[in-house]
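Two complexes follow with subunit A in common, the first pairing it with subunit B and the second with subunit C.
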Partner chain A sequence: MPWIAPEILLTALACVLLLVEAFAKPCPRLIGFVTLAGIFAAIGITIATPIASEFYVAPWGGLYCLDRPAQFFKVFFLVTAALVTWISLAADEESLPNRGEFFVFPLLTAAGLCLLASTMDFMVLFVALELVTISFYILVAYQRTNAIALEAGVKYLILGALSSAFLVMGIAYTFGITGSTQFVEIGRAIGHGPLPLGLKFGLLLIIFGLGFKVAAVPFHLWAPDVYQGAPTSITAFLSVGSKAAGFILLMRVLYTAFGSAAAFATWIPMLSVLAALSMLLGNLAAIPQRNLKRLLAYSSIGHSGFMLIGIIAQIRTPGLAISVFIYLITYLLANLAAFLVIAVASKTIRGEQIHQYAGLWQRSPVLAASLAIALVSLAGIPPTIGFIGKLSIFGAAWQSGLYPLFWIGVVSAVAGLYYYLGVVKAMFWSEPLDNTPIPACLCTKALLLVLSGLTLLLGFWPQGLQHLVRIVQS
Partner chain B sequence: MEITLNHYLAVSGLLFTLGLMGVILRRDLLVIYMSLEMMLNAANLTLVAFSRFNQHLDGQIMVFFTITVAAAEVAVGLALIVALYRVRQTTKVGDLTTLKF
Partner chain C sequence: MEALFFWVFAIGMLLAGASVILNRNPVASALSLVVTMCFMAALFALLNAFFLAAIQILVYAGAVMVLFLFIIMLLDVKAEAKTRMRWISLVLGLVLAIFFSYELSLVLRDGVPMGAVPLAKLPPPPSDIATIGRLLFTKYLLPFEVVGVLLLVATIGVVLLSKRDNKPEAK
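After this line comes the complex of A and B, so read on.
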């Protein structure tokens, strides 16, 4: 079973580490480093696994597939998990109880995410999604004595469980009408005929459930609170890993199971409304925010809207889903760099308010420059990679004739410049509250250099990115 | 009168709506959580009904997974609510206002 080896490795390692943690009480950092090693091993296995030439191989009667997009997303999730573990190690949050376990849960989350990248069946989808979500409930509320973290955890729990209920109901109706839970079989059962009412209802509920995962408006209510209350490394994981998981699931479900013309007529309008609302509300609501993590939460809602355009564009002009992949890479680099800076800086600053970041340039040039590059990239200003991401999404919208979405996207991207650059302005051109330098270890600086370097380098040399993504698509 | 698929769907739809109303209207975390479980069970009823009337066993297998996952979710969820009660001495939604705009 070479296909599922990364998932098995991660789950087994998590179980072993939990037992070791319970009985031997090793140093928490050691567990962190073993976790990191395990994730790197999983990345190696994923890259080394040969991909069959046909569109998908489906062992176990079509429950699971390993095609190029699945491999891309697995590596994406594992890189995210590795960086998140790194952020946890760098932040070294002493306040966390049982810190050893804190490094183990990301392993389980990563295993669930890898499984999601390959799922071709609603049963596997549901179980893997819940593995991810339940691990996140624990991680978000990990600071058990902190009222804010607990409040964030409970809010995530209630809204997460609500979205699961919608998803199961949607799966039930889809299964009831088509008689199967496998995406390919559902697609075959729908055929070219019109969509029965029950199936439309099921599709609506499934989009509810997945819309929660990608934090698209109007299913975004949890995101700002949870992003603000969770430990910074977990916020980074939620904003990159959990969101990307929502997108691969949307692609699998909508393209494979609901891939007929009649189904398009049902879900394209729904997704267009979600995209437009997310872009507008995400970018406008971010403007008055004073908490940096909350600001990034609203910005991530806006980014969901941009990526949804890519999902819709693929239907009009096949091949344009590539823009979602490009956008996700740009989003990963910028967001993880930003959260790494926040995690390291809040050890000294003790807060995430934007005014506390005033004059960061004088206190720590490396952190300030990295955060500035990340924010400029998120805003989509050249010569950063974020510009390439925005360009490919807007290009896709224009090419496939989605003019209303194109213009809404451009307007919201311009509105987005205001709050991203507001933070940059505070960091460089405001007087610091106090002048104590913010220390950062050499490893953190090196990692920030790599992330910022890639953000700039791929911005100057986008062919590299396109080449990478073209390999994924072939 | 013969009980048909539509009767089951009506009952499960009713349960689902009741659960949703509970989540929206009630003000206590434990009651909200109970309503959420009711919604999940409504979905289970739908799955079993479809499975029974369409002669496909997949739906019933799915129900086993849903029940297991729901149990795990309850274990974590109740632990979270208990931890919250220890810190804040409340389980009322109206008191959870630390995180806001």
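After this line comes the complex of A and C, so read on.
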């Protein structure tokens, strides 16, 4: 079964590493490097696996598919996992208990994420989503001697369980009415007729559950506290991996299972409200934040809103879902670079308050420049890649006639400039609290250069990005 | 006769369920939940789903609830019994409960599910354990295996989060 090879590889490697860690007690960093190698192998396998066009993998007809979007998201999740492992290695806090296992758990999370990218059935969806969520519960609460981390863990556990309950209820309604858990079968059962009331409620509850995953307002309440309390590498994983998982699931469920005109009339208004609220609240609530991780949490809520526009635009003008893919790539590059800088810098400055980043330019030019480029890209200022992402989303909104969402998006993006540039200003034009340089190892600097370089290069040369995404679409 | 049993079990289940949330003593709440599970199992049995009924008793009433009770008894029961119900959680809970029951009543009034087969035309139910087993190991093998990984993750996670960290990291 070559199709699920990446998932099997990651799970098997995780089991082996757990046993090795239990009996041989190797140096935790070594486990981190093996993890990294395993993820790279999985990326290779995923790219090498041929895509059989619109097929369902043999023995489990209709449960699992490997189409272009699935492959794109698998590579996306694996790249995220690799960078997250790198951030863990760069941060490598001595205070963290059981550091060996800390490197192994993201492997299992990545396996769950890869499975999510391919799921075509609510059963697989739920089981894989729980695999991802439960490993995140553990990772978020990892620094359990720290009160903030513990609060984050408990909050994520309780709200996560609640959202899973909503999701299951929605799936139960959908199954009860249509008699199937497979997306394609559900779509067939709905046909072109009106949506029965039970399915409308089911759809509502499913959107509740997935809205929690992408941290869209009003299901965002967990995000700021959890992002702040989790170890920095895990915050990065949550903000990129978990969010992207929510989007691939939304696309699969909404386009395949609820893809009839009657269903559009039900979910487009819901999603539009979520998008508008997320963009406004995410960007406005970020302004007063003084903690960098909290600020990025609110900014990630805002980014969810922008991407939801792309999901809606696809319905009005087919082919525009491409903007979500482009936006996700820009979001990955900028967000992971920002969290890498935070992870490295907080080893020296012991905190994530913005005023502690004052004068970062004098203390470490590479870190300051990378963080600045990442934030400028998140704000969507040219010539960074973030501008291309915002442009494609706003273009999609305009082309498909979503004018209210377009204007709300523009206003929110402008409001967003203020807090992103506030951090940049603190780093470059404020006096540092103390002048000790911040050390960073050569590999981390090289990686930061690559990430920042890609952010700028693809901003100048967006054809490369479009070319890549067009391959995905074909 | 069947209707009589249904009403006895259903009303019993509702009463036990209400007692779960109204009792301030966690041990009494947990025991009420066991009773709720038993009534639910009886309802499954009335529907000829004997395997589900047995599993309900074995897994939920037996294993899960006993674990619950163990953990509750490790906690401070007396302090928990003294806490008052906060009005905000009461209001939110009531709103959710009313929303879901209203929703359910609307859906049930809305009519039959799509593509539903009338009861009389259904073939006699096969021996359900064999059917479930066959489905689990053929068509639903993938989610079944993933559940195994999920349990592994949960087990390791519990150990990691609750283990006392007394050994210094081996270098």
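Of note:
Definition applied: the second predicted complex is superposed on the first by the 467 of 474 C-alpha atoms of A that agree within 3 Å, B and C clash if a C-alpha of one lies under 4 Å from a C-alpha of the other, contacts with A are read in each partner's own complex, and residues count from 1 in each chain.
Keep in mind that, in the parts below, a residue touches a chain if its C-beta (ideal position, glycine included) is under 8 Å from a C-beta of that chain, and two chains touch if they have at least 3 such contacts.
Because the structure is predicted, anything quoted here is derived from the model rather than measured.
Judged by the touch definition given at the top, the superposed model places A:Ala262 against neither subunit B nor subunit C. By the touch criterion stated above, A:Val410 is placed in contact with neither subunit B nor subunit C.
By the document's definition of touching, neither partner reaches A:Val20: not subunit B, not subunit C.
In the superposed model, A:Ala141 makes contact with both subunit B and subunit C. Contacts of A:Met123 after superposition on the shared chain: both subunit B and subunit C are touched. Shared-chain residue A:Ala172: touches subunit B; no touch with subunit C. Judged by the touch definition given at the top, the superposed model places A:Ile381 against neither subunit B nor subunit C.
After overlaying the two complexes on the shared chain, residue contacts for A:Leu449 are found with neither subunit B nor subunit C. Contact with subunit C, but none with subunit B, is seen for A:Arg99 once the two complexes are overlaid on the shared chain. Residue overlap on subunit A between its contacts with subunit B in one complex and with subunit C in the other: 123, 127, 130, 134, 137-138, 141, 144, 169, 173, 176, 179.
Listed in rising order, the residues of subunit A touching subunit C in the complex are 4, 11, 15, 18, 25, 27-28, 59-61, 63-64, 94, 97-99, 101, 105, 108, 111-112, 115, 121, 123-124, 127-128, 130-131, 134-135, 137-138, 141-142, 144, 169, 173, 176-179, 189-190, 196-198, 201.
In the complex of the two chains, the subunit B residues touching subunit A come out as 16, 19, 23, 29, 32-33, 36, 39-40, 42-44, 46-47, 49-51, 54, 56, 58-59, 61-62, 65-66, 69, 72-73, 76-77, 80-81, 83-84, 87-88, 96, 98-101. The touching residues of subunit C, when paired with subunit A in their complex, are 100, 103, 106-107, 110-111, 113-116, 138-143, 146-147, 149-150, 152-154, 156-157, 160-161, 163, 165, 169-171.
Partner subunit B is touched in their complex by these residues of subunit A: 122-123, 126-127, 130, 134, 137-138, 141, 144-148, 150-155, 157-158, 161-162, 164-165, 168-169, 171-173, 175-176, 179-181, 224-225, 228-229, 288.
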